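Each of the next two complexes has subunit A plus one more chain, namely subunit B in the first and subunit C in the second.
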Partner chain A sequence: MAKKPQLAIDTRPWRDTANNKPFVRIRSVSKKFGDVIAVNDVSLDIYKSELFCLLGGSGSGKSTLLRMLAGFENPTSGTIEIDGQDMTDVPPYNRPVNMMFQSYALFPHMSVEQNIAYGLKRDGLPRAEINARVAELLALVKLEDYGKRKPHQLSGGQRQRVALARALAKRPKLLLLDEPLGALDKKLREETQFELVKIQESLGVTFIVVTHDQEEAMTLATRIGVMNQGEIVMVGEPTDIYEFPNSRFVAGFIGSVNMVEGIVTEDEPDHVRIRSAELGSDIYVGHGVDCAPEQILWWAIRPEKMVLSRDKPEGLNGANVTTGVVEEIAYLGDISVYQVALESGKRIRVSQTNSVRGNPDAITWEEQVYVSWDEDAGSVLTS
Partner chain B sequence: MKRGWFLPIAAALGFSFLYAPIVSLVIFSFNESRLVTVWSGFSTQWYGELFRDPQMLGAAWLSLQIAALSATIALVLGTLAAVALVRFRRFRGRTLFSGMVSAPLVMPDVITGLSLLLLFVAMESLLGWPQGRGMMTIIIAHATFCTAYVCVVVQSRLSDFDRSLEEAAMDLGASPVRTFFDVTLPIIAPALVSGWLLGFTLSLDDLVIASFVSGPGSSTLPMVIFSKVRLGVSPDVNALATIIIGIVALGVLAATVIQLRSKPKTSAP
Partner chain C sequence: MTATRDPTIPPPRRLKPWSAVEKGLARVGITGRMLVLAAPVLWLLVFFLVPLAVVFGISLANKQFGRPPYTPLLTSEEGTVQLTLHLNNYIRLFTDNLYVAAYLSSIRIAALATIITLIVGYPMAYAIARAPDRWRNILLMLVILPFFTSFLLRVYALTGFMRGNGVINQFLGLFGIEPIVMMQTDFAVYVGIVYTYLPFMILPLYTTLVKLDVSLFEASADLGARPVHTFLFVTLPLSIPGIIAGSMLVFIPAIGEFVIPSLLGGPETLMIGRVLWDEFFTNTNWPRAAAVAVAMLLVVVVPIMLLQRAQGAVVEK
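Let's turn to the complex of A and B:
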């Protein structure tokens, strides 16, 4: 995975909302198409120079939200402010916003240069200035030798870069990207992710990226907004989203997760004990949780946060260890993923790093194993 | 494996069925004899004769004017109809409207001609316009049925038009009008050209409808040819027919080439 931009704490304005003004302010925006609610009461603050990812499945409303920011759709209710200016009645051609389309939408009858220059010409800049800017952008996306070509003479990756250059040409304050890497193959996508982050950092433009690819969102984003059925269900930094999901939907949508149901048996300020029949053991959670005794809730844990062993580990206060039989092993080289069938019939996935080369003593199929975890390894979810 | 002989022969028969009459007509247009059916030697004299015939030339000029004007009118109306049908996806009566636009494609010419004639007569007595029948009524009649063809051609081009191209232009600061001229028009231009050419050739071709709605002194070329042939086939008609075949073939060819050449080349992502 690519590295996130390195930010000092004080360059994360969303952590200090009292002293920082949001750059994009979405206030209870809803959008209805007939009877269908595409976006339902979304409020969101996005700060300057952020690379914000809207992540969701198809039909989650992420693209509609993006199109409202661009001005192609009008909110049914609510307001959108960009840089302190209300955008509600501003048509797309007067917004300080540019968009990179999923299909790239390059003008087929214009050369690469003309495509990039199009927005600048609409601003009535002098020819010399336009030419200089076009050359600068071609250099930025490393397409200096392709200026005279037509879009259909370019590869998919090159077209993607032309689309990016064209969207950046007018130095927008805000760049909207609709599935920017969706049309590229896997290898190219990984390379392009780095470039996109690099360009975004060097220009300091605020990016809002729509994607359905959680890995892409984790790689690119400073913050992620997870959308489901027209609503934002969680906003947070990639680590928050992955390690501290706020709901079963978020936990299940991002990465792989084991989820079990349980009943609260002890509810103390410093710890919680959950009994899970599915898991075949108690879960001891080393911090307080907002719940009540006897409450039914869910506990989610990532496969890499669990440990496999042949010998029974000590556990924690008589909890946090269960047993089962290895059913499947997926060897991925760096890690192996074990599917363990618990006594309740529930199957959980545990991943282990293959730190010993060709380990002959590795846990194998049909073996009885113990699965254990740390007191803070999982997330308790009440919704 | 040996190639079967059936398919080539079937194809040869089919094509000769289609083109033998035309080829013989072209050959006989270069016949020296006054008798159309007897070959007596190569000559281009009937072409010369043709160009000295003021009635023929006048009719040809009239037909060209009518074709150009009605194709132009049809282009504008057909494009507007196509835009309405493609862009306003869910308006009431869309199915009815789109069916009605293409109905003239299958309507027998006799019915189209007769109904237009009745309309013109009624309009003249009620509104006093169009006065009598002549070039104007033929243009209107041709424009109506050519509109259907233009609409179909433009509609197919518009329906695979990527709307995000227009959105991209607006996003980059172009007003809707500007967007239409910078992006929409260049991209659908080939369909417009081929629609116009199609209308032009159809109008040039038409005999039946024109016969209904023309008046004295406004005989189109096909009408003149038809009346001449009724008095006995004269070789200069062959020459004229050859020229028309050439023009029509060129028009259709140009329309096809333009349409093919400009298939949207933005390959799918």
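Let's turn to the complex of A and C:
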């Protein structure tokens, strides 16, 4: 496999906020529906050519935030700036923004071509230019032969592509996508994910995608904003979100995680030791943590960051090893997930790569096993 | 896998009190399905098809003094049965200007009234369809509410508003405005038709509009269409089935309307319903009246077929 090209630093403007102006600037925006606070004091900067994912469960406010960017809802307070212009009170039809709807919202009485041309016609473009642009977009989404069809004569995947083409027709500076792949089946979704990223990269349009599917967010996004109860709880690149979650909510929301409670026994600048009765061992963390001795906190570790063995490993400074009995094994082909019951009764999940083919010596049910991990394999969470 | 019954257990006996009746009917070739279908068929036969045939028959007779006031179609003389059909009633419909003028005038009044009803009803239907959920049923109820009173009574009530010393003129009088003559004019007929048939326009429009996905309007706005354009290019084309259905429900009965033109209209308000009434009761020319009725039916059949096609289109969606 070819070496992954290293992203130049200037393609990640969010890492250098001093020299880059955000393209979309959401400043302390709140939205209330009656007594319900849908979006609560959200501030967010999104840069040009980003593919930003708003990730959250239902009712997290992610769709409301997107609808405020499109102009369908007005913020109760706060301002929204797009490309340096205040958009807070600009109606949707005057915004340099287009949206791809979750239901696609294709006009049922118009053909595919008419759907794509709709926005261009409203702008009063000459007919020849509209036709050229429609043909170009049909080629982009690989629907050249479907221009004369009506939406109801298309499959779900084709409709999704028409919706994308229509949203891109006016060359928006910013494209909003509401669950763009939600209505597709799994296989189609995976194919379309990469296609979407390819289109986004080739056009250089800024995408803001709303999704509840963390896998989708991880695949698509340059950065992810995790939302919960109307607030953005973490913003970061997919690896940050997965490997360095900032709270128990983020750690639990993305991927699977083992979370234990512990108490700080050693708090040094270069390491921390946490005693966890739940885990049945001490946790030695190889970096300083902003905490105090005797503080109760949480430690989260991903299943694939732990190692299973029959023989007791050495451990690390008398820590980072615990033992338990294998209760369940989920064989997924590439990996197996083991559910291990620790002595405290706590169950943890450990996944192991099945690197040996049909391994007869694999760890099996009811076996006493040791679970160990590296000094920086887990995240210490204080909230 | 299919479930198999244990052969040692006898199948449960089901009590069938009607089985005897069922068997008896089956012996003469009647099934329950036929009985169920027979009720509406019989109803239509007795109260619709037979009277229609009678009317059609009378239309082919000639007027005569006596009882009944038309010549019999069948006469028997010395064992031979003779069938006499007169087409002169139909010929008169085309040769006498009164009838052609009445038909055209009816169509014109009905068409204009339908357009006015559409213009008045569309915004109402739209507003109800876009109203918050808790309001929608109340508003619909208000649309249907007039049906709790008799149609005749409501038309009479309108005269109270529009007559010389009626509510409207008294109100205008407060500002020193001279009374306006509204009664016995075409204007009053239009008011009557629009007022009476408005619910028939609103309800089908509402059902079409309420089904439209709000995100279609949002998508239109998002693509740069101002509200006017969204209405013209998205809302209006998608509500065409409702417009056709509502218009037909107003247009068809309005053509043959009798009560409204006779109570509110003036002597020059020419509508086929009144002509028919006059033929029947004033001139006692039953055959002519019957011919007028049959011709009116034919005039109305075309819009009915249009209506059915429109409804078919709605069902398809």
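Throughout what follows, the second predicted complex is superposed on the first by the 377 of 383 C-alpha atoms of A that agree within 3 Å, B and C clash if a C-alpha of one lies under 4 Å from a C-alpha of the other, contacts with A are read in each partner's own complex, and residues count from 1 in each chain.
In this text, contacts are C-beta pairs under 8 Å (C-beta built on N, C-alpha and C of every residue); 3 or more make two chains touch, one makes a residue touch a chain.
What you see is a predicted model, and the numbers here were worked out from it, not measured in a lab.
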Combined model on subunit A: subunit C and subunit B, fit or clash: clash
Subunit B versus subunit C as contact partner of A:150, first or second or both or neither: first
A:166 touches, of subunit B and subunit C: first, second, both or neither? both
If touched residues of subunit A are counted for subunit B and for subunit C, the larger one: B
First, second, both or neither for A:183, with subunit B first and subunit C second: first
Touching partner for A:91 - first (subunit B), second (subunit C), both, neither: both
Overlapping contact positions on subunit A, where the subunit C interface meets the subunit B interface: 70-72, 91-94, 97-99, 101-103, 105-109, 118-119, 122-123, 166, 169-170
Subunit C to subunit A touching residues, read off their complex: 213, 215-216, 218-226, 229, 233-234, 237-238, 317
Residue ranges of subunit B touching subunit A (in the complex, touch as defined): 162, 164-165, 167-175, 178, 182-183, 186-187, 264-267, 269
Subunit C contact footprint on subunit A (complex, rising order): 70-72, 91-94, 97-99, 101-103, 105-109, 118-119, 122-123, 166-167, 169-170
Residues on subunit A engaged by subunit B in the complex (per definition of touch): 70-72, 91-94, 97-99, 101-109, 118-119, 122-123, 150-152, 156, 159, 166, 169-170, 182-183
